[in-house]
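Residue numbering begins at 1 within each chain, and the chains themselves are lettered A, B, C, D, E, F, G and H in the order written.
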Amino acid sequence: MAVLPPMPKLWYRETKPHKFCPGCGHPLVLKALAYAIEELGIEDRTIFGCDIGCSLLAWDFFNLDTVQTHHGRTTPVMVGIKRARPELICIAYMGDGGGYAIGSQHLVNAAVRNENIMVVLANNTVYAMTGGQMAPTTLPNQKTETTPYGRDPEKTGNPTLGPEMVAAITPDTAYVARGTVAKLGQLKSFFKKGLQRQIEGKGFSFIEVLSGCPTNWRTNAEETWNFLENEMTRYFKVGEFKVPGQVKEDKNE
Amino acid sequence: MTTAYKVITKIDGKGVFHLFPELCKGCGLCMEKCPVKTIGWAKELGVFGTPVVEPGHGEPCIACKTCEMVCPDCAILIERRKDEKAD
Amino acid sequence: MSKGAKIVIAGEGGQGVQTIANMLSEAAYEEGREALYIPNFGVEQRGGVSVAYIQISDEPIGSPKFKDADVAVALSKRSIRRIAKYCDKETIFLYEGEITDAEGEFPEECREIIKVPAIKIAKELFHPKVFNVIIMGFIIGLTNVVSVDTVKKIINSQLEYKFEKNPELREMNHKALEKGVELALNR
Amino acid sequence: MAEKNLEPIIKERRVFITGNEAVAWAGVAARADIMYGYPITPQNEIMHYWTRLAPKYGKGFLQTEDEISAGFATVGGVLAGKRAFTATSGPGNILMQDSMSMAEMMRIPTVMIITQRGGPSTATVIYSQQETTLTCFGGNGEGIRIVYSTASHQELFDYTIKAFNTAWKYRFPTFVLGDGYQSKMRESLTIYDPVERGIELVPAEPFLGKGGVAGLDRPPVHLRNTYNMEDELYEVVRELVDAYNAVAHEIVEYREMETEDAEILIVAHGIVSRAAEGAVARLRKDGYKVGSFRPITLRPFPAEQLRKCADRAEKMLVVESAEGQLKKLVTDAIYGSTTPIETLFRPGESITVEEIISAVKGL
Amino acid sequence: MAEKNLEPIIKERRVFITGNEAVAWAGVAARADIMYGYPITPQNEIMHYWTRLAPKYGKGFLQTEDEISAGFATVGGVLAGKRAFTATSGPGNILMQDSMSMAEMMRIPTVMIITQRGGPSTATVIYSQQETTLTCFGGNGEGIRIVYSTASHQELFDYTIKAFNTAWKYRFPTFVLGDGYQSKMRESLTIYDPVERGIELVPAEPFLGKGGVAGLDRPPVHLRNTYNMEDELYEVVRELVDAYNAVAHEIVEYREMETEDAEILIVAHGIVSRAAEGAVARLRKDGYKVGSFRPITLRPFPAEQLRKCADRAEKMLVVESAEGQLKKLVTDAIYGSTTPIETLFRPGESITVEEIISAVKGL
Amino acid sequence: MAVLPPMPKLWYRETKPHKFCPGCGHPLVLKALAYAIEELGIEDRTIFGCDIGCSLLAWDFFNLDTVQTHHGRTTPVMVGIKRARPELICIAYMGDGGGYAIGSQHLVNAAVRNENIMVVLANNTVYAMTGGQMAPTTLPNQKTETTPYGRDPEKTGNPTLGPEMVAAITPDTAYVARGTVAKLGQLKSFFKKGLQRQIEGKGFSFIEVLSGCPTNWRTNAEETWNFLENEMTRYFKVGEFKVPGQVKEDKNE
Amino acid sequence: MSKGAKIVIAGEGGQGVQTIANMLSEAAYEEGREALYIPNFGVEQRGGVSVAYIQISDEPIGSPKFKDADVAVALSKRSIRRIAKYCDKETIFLYEGEITDAEGEFPEECREIIKVPAIKIAKELFHPKVFNVIIMGFIIGLTNVVSVDTVKKIINSQLEYKFEKNPELREMNHKALEKGVELALNR
Amino acid sequence: MTTAYKVITKIDGKGVFHLFPELCKGCGLCMEKCPVKTIGWAKELGVFGTPVVEPGHGEPCIACKTCEMVCPDCAILIERRKDEKAD
């Protein structure tokens, strides 16, 4: 038997090597996601939607019916699909720019309405596809193409804390977590929990993933891991923010 | 749908290190994560014309499969050399 | 061909295509000519073939792209296909000497097809990295579209920060450039 | 899609209702499955009626957070294989252009009802024909879409049904253009079940989620609207344009009145064409050789048909509740014709029979 | 706005830079105060250069959450009396139309740079002329705006400066139209301080926050874009249109080449006009009686000027990297002319001198 | 001396009676706001921006330079003004539809960037100007024109909790509260605190106000007060959510 | 004038303008005529003058609005100005009897100006609320555009829910309608 | 900028109840909030042709000014009858 690359079955081989840069975090997210879907056995009814941003490079990534949408608009497209055909499992995949900036109204309102879809957001602290501008998640003092002297929180605020925000506005049945490509096993389990919610018709799940962008960070492998595991985690706590059943916050009513 | 892939197989410590040069983009992520630092640059070139990786640059491989897991391109497959269970 | 030239260069990201395209056009600008350089770009940040279009002329330049390159240069195998369409029967087609088994991809009609063993020579005489400078020299030798001296000036100013750290590099780049010119003249 | 149930979905009957109500009923009649929408005057009551009808007919509705979302959710619904539609107006029409550009690029058969209000900007909630250019050519594209401009409640009903058929048959985004008057006014029309009348309903089909395991039973569907190279894109757009042009003649619709010997040809669309036809009727009584031409499809435009009438006439009068939006369609369609064009432009305001009559008399 | 400091803000010099860099420098030269923007290829480097220049020249920058916000924030900046501008492309251009419709309605002198990319939808990030209609007529309005279509880096620089003057002088939203090639390519131009060259900079003035206590020292300023009645709105739009038409002749710009005796007239705008002019030069050498006409302002359009040339010619060839967007401007402008129009449309793709030559030869 | 109506000085008398319906909450919000501005003495530099929604009826309401913007776009317009002329005090006034639905990306991102403006949002649980459709704040089971059988939280989620959300994403220097037109004194004090933040350049303030819409609620005066004071407050807690200095939540770093 | 009519009615919100406009047009529809009724609407939910445009005809109806009303009715003082522009020399202009000091606002030219003391009569004979029905009767008496019987039928069906609770209302409405017709015929 | 307003002044309990009919829209909000329920409908009409309000329908006014505060149209002004302080 020929030795074959250890690719998830769900990865569409005809398009591999994929289009992401060397060392990119996106394919790692998509690896964990593939395993989660395979383990749940929902390949036959899962629809994948990707945003504009480097996530668009995943438009032909999976053995899944896939639609590449517009910058920030993957959430409404997937909501539209889900509302039309609730039997489909819908996953919206986007970057931090797509989810927290231009598409934030969709994220917030899909969360509030408890839409029965899963949103996966790759947080790489920059607008990667457009060449490394400031994103809502850019760290204080981080240099980007539009903060050439470092992001000044006095002028542009602190990084957006997405899962924290979504947890604050979703009902108890929702699932909200932040994973990282540095912990793929954990990430897979987060995805499975989120998808499980959807399978059960229990509503919205949101998983942010800390993800590397060596190209725009201009980092080598060591620096990439360091930024991911040490710099980013100082602001972005990895873990679960809302697990159905485990109610943390006090609630009105 | 099974495509044949070129493979470079090298043995190191407990591991059989299969590297698929048509997939490896030479990012080095695997190298950094190897607990025994056995991964280093090879002289073979990968899909982007940059060097691929190989074992044998540090302590012997313990077949932990970390490199396999962290490779964004699924360019490494690790097999255990002995009849130990693979996972 | 001293009056002007349309040049298209393609290669892998990292081979230095845009660097030499930029230098060539900047040199022409420096000499008071009309020059236009446009890099290709797509949605991907990396990966994919990198293409550069250069036009140098004494007259105002029209469209940034063209279909009738005077010189077309392929630095990698898969870049050949990307530039074949810019070739017509007047085009001189250059390809890097290490490219093999690519004959089927070559442009259907062109004036001349020349293999330039730049990587080999760079490895032997200088350092693999300056193979693109040899290519640039070859283009200059072929077209005479800018002077070697101007290009040296541009190399000096653009790589200043590197040369400061390592002054030998200057000499190496200049030599590689001259070697390229020489190769073209002796072809 | 054809009904198992032999009962007509709507009992054929004459009713005296508002245009918005007519559209909601037409949605039911057309077997629309789901509406996505965001409130904006004057289209609101389409949603109001739909939300009342929807549960009775097992149909879906989602009020989204904005028109951007409504447009893209509609795209999603259609991709999923459902007869999905939306409705909007004015600033909402602007915001939906992004999703409609996507539909244009990917040939997604969206259906959208536009009830024009005054512009530019928020302006008025009442009436205009100022969304003609926007609806025909909005977005960063080439207007590869179908636009029906309706003039009565009956047409609102008929063309809303037809829009679903056209959209799914040709796979171009399809628009039904109305206005705030039509939305809010009451007049009589006959509502009916198209199936009962023998009108075949073109079935919807999923683009995504076609069944089977993607990559196992069939190749996965991978849809995109982004390309890396300009020549790739050119091919795509060329194909779109060619496909559109090839079927345009099947799609064009128009209406002529007394054009045979008309020395003066009035051109108007939508509700203004009613005033034009009223004016023709009255002017003919006074002995004026006047006719009128009304494009029903603004995209594709009945160019040859208009050119014929125009060439016969001595003068044309383009009448619209906008500042030359119809006129641009006309001049582009019949360029080369030498019949002089006079205009009566009333951006944002209605035009009466009397005004047209006096404009014709003043020519 | 005039400088106290006698130092020129930019030392006049010849440079070899990208178009995006040229725009950023032009912003400085025009004494722009603040840029609002959202990333989109190919305009990104305008922001990149601006964020590097801004602190040095005491200028502001805000990266907003989307283009909707960037457009409306620009409106805000202008209302506050600052020379504010923004830049975008493609889908971003669609999203900014809402704010530009507001600017159109309220005569807010916004300045916006458009670097066209492929369409429809996300398409490509590279190049096109497919945002011509969108930029000229986007939104639910009548295109009461000024659009300069540039063809070189020098013009990008010159017209960006001019745009601020035009906008503040006439108080219409003003657009500088470029494309992705211009954004990314390098060619030479001269940058300079317009003040040093004696170009007067029209001062900006606050619409809001004019000083004094509103309601005490002066009546409060109450700005709106919404009206209750259609006749009210009609008056407003009529006034807008009249004001625009009254000054259009002062604003129009165009460029002719060898049109005097041209039998074939090529019409092209933007960077395609360079290929057109190149083709004319070469064809003339071969003895072809060819000329070219290039509208520099697409809004207002140099209609009379083009008509004169068109009437003299035997044939026209409209050339554009879009599917007839320029052609529609042309046919509307010169309707009545009988010179046949042939076309060379390359939506989303560049057009070379050679292609135009062979098109002319094939006429 | 003639007896004069007890109108705030800041109300522009030429346009009174104003255009709001009988019993509307909007003018009560604007009464409290007027007093707050007067008491702080910032009439000379305050700019008022109103949204499309019934808030647009305030376009000529005050003796203040005022701009009526687009539906959902008041935040970016006021941000644009503030960034251009930081010496001006900028107040963005909008409804729940404008702020939590179509303009939510602006609200969220202005909050995260800690823009130095004040956003005032009148929550009347409906899209009032357009005739009473469901708003993000519509209560469960509440009948509206687009939820004719009552809002079903299973299908469209629970009411958006705006101040809670904004508190979750703003820095400690921000001020976030929810007032009600049933407590005008308290409301005025909330406004003053928010404006004080802005005067000091300390950043974003957000005040949601529970506000009546008898026209669309189809309520008489008694029912209006009852809905405001009893129904709405079951979901929407009145009070301060973020007061600089009083840190409640645990924060990352 | 029995063939058709263009009628514009204006009054304050709450005076029942839209109710009678709707009934008139619905009655015409019921009689198989072409009818078109359009309410005015603006951004405000309440306040402002309420205007209704009605056209009844045997031929297809053109524009929903018109400039040449056959009958123009003002129920409040400030509504006069809103409808004056729809009057020409053929128009019969009606105004409510309680409106005072409004002569300056009256349309410049019209066939006839008639004061209709509907409120007064309603108060005296019926109930202030049905004054709009008297007005409707007056319009019918004047134009004969629909039959009294049809309108009664429409009243019955549209106010059914009210009449169920309070059956005397039916009688009162019918009487008010007849009173209006009578006033018109005896004017 | 001082416009003259019509005013209807009625005295009740401790309060002088000034009502400005050109402002009162008859919403009734004041009525509901009066702690002594003294406010009721008057026969005079307000700006929308609907009845305005007046005191005298319940316990005597205590001049608490609640009605003044809650009126969305600023149509009520309350003065204390005695020389008590007004706030």
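Worth pointing out:
Following the convention adopted for this analysis, a contact is a pair of C-beta atoms (placed from the backbone, for glycine too) under 8 Å apart; a residue touches a chain by one contact, two chains touch by 3 or more.
Model, not experiment: these values are computed from the prediction.
Taking the definition of touch as given, a chain qualifies here only if it contacts chain F and chain G alike; those chains are D, E, H.
The minimal number of chain-to-chain contact steps leading from chain A to chain D is 1.
Here the chain pair with the top count of touching C-beta pairs is D-E. Chain B and chain G have CA centres that are 88 Å apart. Chain centres here are Cα means. That of chain A falls 41 Å from that of chain C. Chain D and chain H have CA centres that are 54 Å apart. If each chain is reduced to the centroid of its CA atoms, chain F and chain H end up 27 Å from each other.
With touch defined as above, residues shared between interfaces to two or more other chains in chain D number as follows: 41, 65-66, 91, 98, 102, 121-122, 124, 126, 215, 225-226, 228-229, 350. Shared contact sites, meaning residues of chain G that touch two or more other chains, fall at 42-44, 47-48. Counting partner chains per residue, chain A shows two or more touched chains at residues 20-22, 52, 56, 70, 101-102, 104-105, 108-109, 129, 131, 136, 156.
All chain pairs that touch, listed by label, are A-B, A-C, A-D, A-E, A-F, B-C, C-D, C-E, D-E, D-F, D-G, E-F, E-G, F-G, F-H, G-H.
On the side of chain A, the complex with chain B involves touching residues 2-8, 11, 13-14, 16-18, 20-28, 31, 181, 184, 212, 214, 220-222, 224-225.
Those residues of chain E lying in contact with chain D across their complex are 90-91, 93-95, 97-98, 101-102, 104-106, 116-124, 126-128, 130-131, 133-134, 137-144, 225-234, 237-238, 241, 322-325, 327-328, 331-332, 335-336, 338, 340-341, 346-350. Residues 22, 25-26, 29, 34-43, 59-68 of chain C are the ones that touch chain E when the two sit in their complex. The touching residues of chain C, when paired with chain D in their complex, are 42-44, 48.
Residues 33-34, 36, 60, 62, 64-66, 68-77, 79-82, 84, 98-99, 102, 206-210, 212-216, 220-226 of chain D are the ones that touch chain A when the two sit in their complex.
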